[in-house]
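Each structure below is given as structure tokens.
In the two complexes below, chain A is the common chain; its partner is chain B in one and chain C in the other.
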Partner chain A sequence: MLWRYLVRRLIVAIPVVLGVTALTFGLMHATGGDYVPGVNYDNPHLSAQAVTNIRREYGLDQPWYVQYGQWLWNIVHLDFGRSMIDGSHVTDHILQRLPNTLELTVAAIVLGVAISIPLGVVSALRRGSRLDHAFTTVSVAGFAIPEFWLGLLLILAFGVYPAQHFGGPWLPTGGAYDPLSGGTDIIDRFVHLILPSAVLGFAYLSIWSRFTRSSMLEILSLDYVRTARSKGMREGRVVYLHALRNAVIPLVTLIGLELPGLVSGGVVVEVVFGWPGIGRFAYERALAYDYTMVMGITTFAAMLVIAGNLLADVLYAVLDPRIRYTT
Partner chain B sequence: MISPASEVRVESAFEGAARRPAQSYWSESWERLSQNRFGMAAGAVVLFMSVVALLAPLISAYGTRHGFSAQDLDNNFAAPFSPGHVLGSDELGRDTLTRLVYGAQVSLGVAALTVTLSLSVGTVVGLVAGYYGGLIDDVLMRLVDIILSVPRLFLFILVGILFFRQSNLVTLSLTIASVGWGGTARLVRGEVLGVRNREFMVAARSIGALDRRMIFVHLLPNVLPILIVSASLGVGGVILAEAALDYLGFGIHPPQPSWGNMLSSAQQYFAHSTWLVFLPGMCIFATVLAANLFGNAVRDAFDPRLK
Partner chain C sequence: MSSGEGSEFDRFLDQWSRRDFLRRTGGAAAFTLFMAGGLEAVLAACGGTPTAQTAQTKNVKKGGHVTEATTSDPTTFFSIFAQDTASTIPIGMMFAPILDVRQDGTPIPSIAKAVPKASSDGLSYKLELRNDVQWSDGQPLTAEDIVFTYALRYDPKYADVVNAPDAPDLKDTIQSVTAPDKYTVVIKLKKVYAPFIDSYIAGERPLPKHLLQSIVDAKPADFRKADFSLNPTVFSGPFTLAKYEKSQQIVLNANAKYFLGRPNVDQWVIKNVADGIAGVNQLKTGEVDIAAVEPSLWDDLASATNVRRVSFVAPSWDWYGYQMDPNNPKGRPSGKIFSDKTVRQALYYALDRQKLADRVYFKQAVPATSILPSTSWALTSDLPKYAYDPKKAQQMLDTAGWKLGPDGIRVKDGVKFSFEMITNKGNKNRESVLQVLAEQWKQIGVDAQPKLIQFSEYVKTRQTRDFDMVMGGISYGVDPSDINSQYEAKFIGKGANRMGYSNPKVDELLEKALGITEQKQRKDIYIEVQKLVMEDLPVGPLTLPKSLSGVSKRVENWAVGPFNRYASRPWLKDVFVTDGK
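Let's look at the complex of A and B:
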């Protein structure tokens, strides 16, 4: 059953992959289709014949379906094209910055999970208490606060303000590491990670703590929990061993939904904190109108979204056997 | 044989029922919403912001007595509550309150237009996909999958730089709605699948109703509640997305003020003029918060699944 489900799920993903690549290819064609990466067309010494030759060399004289086929073929080989401005390879830029981006988003997710599950459980156990209301308020606020504004406020509170009044910032507010240390000092990297991951994690926290709370409340009212209690099981064991386990299953899907955002979810935070990740890089290239670069990165990110969705579905199917029979 | 006693009971029960006037779904839902004081207060905040946005030219002419780009270089970086500038002024001496008021126009205008656009497109796609099923359904839903697979912000930036080097309220709405319709379509399709084979649909078909009539007269009213809910819950997200685009420089460009671009230009003067960063952010936060809280109240009142 599981295998049949997986195969079916994979087959459904194929048209989506084709569609996404067609979409980005179409957008690219509509704008910079005639461009040869890295060639300066304003160069007066560039003859028309030379342009034709260069275009033939790059396959740009081929009909669009041949070019699309080539684009697909390249993507299969993890080649996402080249920059329109300097001709550098998109994949090289991605690989160079991927570790930084993953460092940030994974830290934010870990932070979010580590705080939201206990918060949600406490809220559910003390439903209607002041603590519950306080947590609710915080998470409602978390939905409404703009990431970039929260980031700026934290920079003010931990960087600018202490620098003015206490002789130096409490926490670094830009970059992933101190350039002088060269990024090898783990403590230095960790300290740089605190503010950006807090901002990004806060958004996750709002969603997941709400979800854990309602999921816990639902499970705690079920018969098997009552049975466990009536057998005389200790409350802690009931809550943490029996209820929490089942309450967390749907949360896994929810966290799985963030897998696609691993690369693209933190663009704004990366920009605010000058984080040397893929998002900020794409942002800078977008400002410079480097279409092919932005397009290549977008395609890459979209492929990860599809893979992430697939992974989340599979994870869910493994955890909850019912899902295989219903879909 | 029915005993007299039981007859009496039935009669009185009937009378009791008759005393309560019949209530439609809409008046019942509206009553529930208006009894939710907290939600209504949040709605009032959104309404207030909308009125401010609509009256921006009047407020600028008679209230603050500054245009949104009128410079006052002798009084730049004026602190809040200084004479002539109630909420202070920015690096060029432009009045912050006036700019915030015009910023409300951008945020709420884009929110209203985007929600309208994505809701209409998404509803039609969802209705058609759910009603016809089969190949049409497959094609449309894969299209939605494709749109929703491309990271949102990347797609906004792409569409932004490709087609609208000069962004304005309408192009921004189109950009955000080009992604937003996907979610609505999925939602509506799900609802349609639930009611498609119900008896009233079969009955309508049996007396020869055309597809068009089936979709717009019989299906649409059934998805209306969920549309209202998704519209009121969607406003906050659109305002946040628009502000992020402005902040990143892909949205409204200065000198026209928006909350997002005010923030991005203010962050340079962070160290000495904190309020310039604080005020626009506060406006975004307050408006989105109010919109979300009102959306929650609307969901509690209108969502038929919560009853």
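Let's look at the complex of A and C:
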């Protein structure tokens, strides 16, 4: 059953990916016009001939449907093409940055889950207490504070301020690892990860902890919880084994919805902390009208979003036996 | 994140619109060097080798590394294709030039033993090369490499397919490049081209023929994408490439075989910090040693105890151009308004350019006085001054027939004095300039409306000329011939002459100056051109923003100047770090 379900879902996904590529292509060409990426138009020695030559080289002199058709044809052959700006392979660019983005977002999600669930549970158990109010305040703050602002604040607090007053920064503020270390030093990578993952994780935490709290409150009032309690089960066992398991099921969907973020990452966080990820890169190349690169990244992202949603649906069934796949 | 978007786009534009003009330098020195407080390093003024002066007076330490911030990745390490500073900086470190340049723009020997002189007919140049230059793989760097590198751009066999940006220019200019012996190169031109040394010999970095000849012959059209482009394997400059990690850093090692001597530092890291704010923060934390600084962060940086600030006026400036062609292709009525010279001058009189420099650039800019930057050897002060005088501006508009209407906007023959000013969206400084212009012109009864357009649209205005007034920025090299494409009539709709400016006298002078190699004579011609253009005023020169950077106090001998900021840094091998780390 599961296989048939997966195959069906994947077939349905094809037009979605096609739509995304068509939309991106249309947008890029509508806004880019005759602009040729990589050409410096302010160069007083630039000749019209040079621009014409480059347009021909990139195929930009062809009508749009030829360009789009050619691109699709290449994709079918798993060729994402080359960047218009630096001539290197689109897939190389994506694959070199993807691990960094995954490192950051997975760390942030783990951090978010690890803190938000206990926070939500405690809030639910002590509903209306001071602690609950305090956690609520933190959650609302996490929801409301812009990431770039929080990021800059942490950079000032843990980097700039100690560097100016105590002889050195407490934590690195930019990059995924020390430039000279080559990225093989685990501890070095870890300390570089702390600030950006904290900022990104804080945003997740605020939503998820609220969600856990309300979901937990709902479950705790159900009959089976009362039954469990009345048969003399210890409170810890009731809450963490019986209630929590059911309470986190909706959370899985929510986290599944964040999976696209695995690719786009926090664009903002990546820029603020100079994180070498895909989100920041896609943003840079969109501004530079690197058509092939943007097309490649969006197609790739669309595929990952679909895979992410699928994964969430499958996990859902694992956690909740009541859910069955129908084709 | 609206603020972030602005700075991101700024950064992108900055890098694409300010070409590394170091290759194109020249002439005697006549430039102004402005320094801000806190700068201890001596930026030697014209004359003398700055590095020699500073290196002597300091206790040089060997070893350690320097980390320099950048905000974007290189696009190529091929010198013949590179146009953005993120590429030209590392290229300059890895590949030695035939001639290097001083901070005032004068060429100095490098691979060539001396700066060549043009032959008496002005048509040929003879380069005598050092015989001790070698590639990092031990192969000698010879005349053959130089012949090869020029051939890629002028030889019809390669030029059209390899498609380097200046190939069309070189095809028109170069007759032949030959090697009579291993260490001599003779370049013959088709026509006298005055800025040839500055444009095409200084900063010209030979490619290794022994590795690349077979690659280009196999498929010339794909040469641009060859592996060597981002992963070069042999080097001739002070550093060699250790690794390039995308979106992260370029790590360079000292080249022990560098013919001018191994650099003092062991490693040089060019770190991609994503944006200007991050660059400044990392300067303060010590994570980077050198970073460009946005004007808005300049004052704040003064409080950092570990950083000194370096600033000087760069050869780039902000300007606005009028739609001054009454028969403009889009039939814009502004063409008729601005075809009147009195009107153009009146608007310029009504601008307080000092205030513009203070408000938009946080005082880190100087008012422009001519169509040439203050770094140019051809600049003259003997020009119409246009000192801020709104009363005079109003009188001039009155005499031109533009009378104040009931709503405070001037009117002539039923036409309102109202127009759009465009610039590209995302460049915060340019957006602010437009606001200040609108505000100041409002005071003399002129309604100028700022309009922000996409960069790609903005670029197209060269061809379409679809605007009333355009505002932008431009960078120049040392040679004044860079202004040709903006003021010669033959560049209308093609080069930077968006305005539709045509003055046959100016055209004649600009062409004439290209064919004369004697600088004194050329200067006289360019002075004449400046007088004519500043009288006609097709454009309004606004301000020259300063080049601002922060340098860690542990870094010594950082001898940057207007013309050796990017690719050409002949002083680089002398840089050292005081803590040896």
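Everything below uses one rule, namely that the second predicted complex is superposed on the first by the 248 of 327 C-alpha atoms of A that agree within 3 Å, B and C clash if a C-alpha of one lies under 4 Å from a C-alpha of the other, contacts with A are read in each partner's own complex, and residues count from 1 in each chain.
What we mean here is this: contacts are C-beta pairs under 8 Å (C-beta built on N, C-alpha and C of every residue); 3 or more make two chains touch, one makes a residue touch a chain.
Worth saying up front: this structure is predicted, and the values here are computed from it rather than measured.
J.: Of chain B and chain C, which one touches more of chain A's residues?
T.: Of chain B and chain C, C contacts more residues of chain A.
J.: With the two structures laid over each other on chain A, which partner does A:280 touch: chain B (first), chain C (second), both, or neither?
T.: Once the two structures are laid over each other on A, A:280 reaches chain C alone.
J.: Just to be sure I read the superposition right, which of the two partners does A:268 touch: chain B = first, chain C = second, or both, or neither?
T.: Touch partners of A:268: chain B and chain C.
J.: Return first, second, both or neither, reflecting whether A:141 touches chain B, chain C, both chains, or no partner chain.
T.: The first partner, chain B, only.
J.: Per the contact definition in the header, classify A:227: touching chain B only (first), chain C only (second), both, or neither.
T.: neither
J.: Once the structures are superposed on A, label A:152 by its partner contacts, choosing first (chain B), second (chain C), both or neither.
T.: A:152: touches chain B and chain C.
J.: In the overlay, answer first, second, both or neither for which of chain B and chain C A:291 touches.
T.: The answer is first: A:291 touches chain B but not chain C.
J.: A:160 in the overlay: touching chain B, chain C, both, or neither? Say first, second, both or neither.
T.: both
J.: Pick one for A:16: touches chain B only (first), chain C only (second), both, or neither.
T.: first
J.: On chain A, which stretch or stretches are contacted by chain B in one complex as well as by chain C in the other?
T.: In chain A, residues 31, 146-148, 152, 155-156, 160, 164, 268, 271, 283, 287, 289 are touched by chain B and also by chain C.
J.: How about chain B: which of its residues touch chain A in the complex?
T.: 142-143, 145-146, 149-155, 157-158, 161-162, 236, 240, 243-244, 247-250, 263, 267, 270-271, 274, 277-278, 281, 284-285, 288-289, 292-293
J.: Sort out for me which residues of chain A touch chain C in the complex.
T.: It is residues 31-35, 38-50, 53-54, 57, 82, 85-88, 93, 96-97, 100, 146-148, 152, 155-156, 159-160, 163-164, 168-169, 172-176, 179-180, 182-183, 268, 270-277, 280-281, 283-284, 287-289 of chain A that touch chain C.
J.: Could you please specify the touching residues of chain A with respect to chain B in the complex?
T.: It is residues 15-16, 19-20, 23-24, 27, 30-31, 140-141, 143-149, 152-153, 155-156, 160, 164, 260-261, 263-265, 267-268, 271, 279, 282-283, 286-287, 289, 291, 294-295, 297-298, 301-302, 305-306, 309 of chain A that touch chain B.
J.: Using the touch rule from the top, collect the residues of chain C that touch chain A in their complex.
T.: 1, 3-4, 8-9, 12, 16-19, 65, 67, 72-76, 83-84, 160, 163, 165-169, 199, 221, 224-225, 229-230, 243, 245-249, 251, 267, 269, 271-275, 277-278, 281-282, 284-287, 303-306, 426, 454-457, 459-460, 462-463, 472, 474-476, 482-486, 494-496
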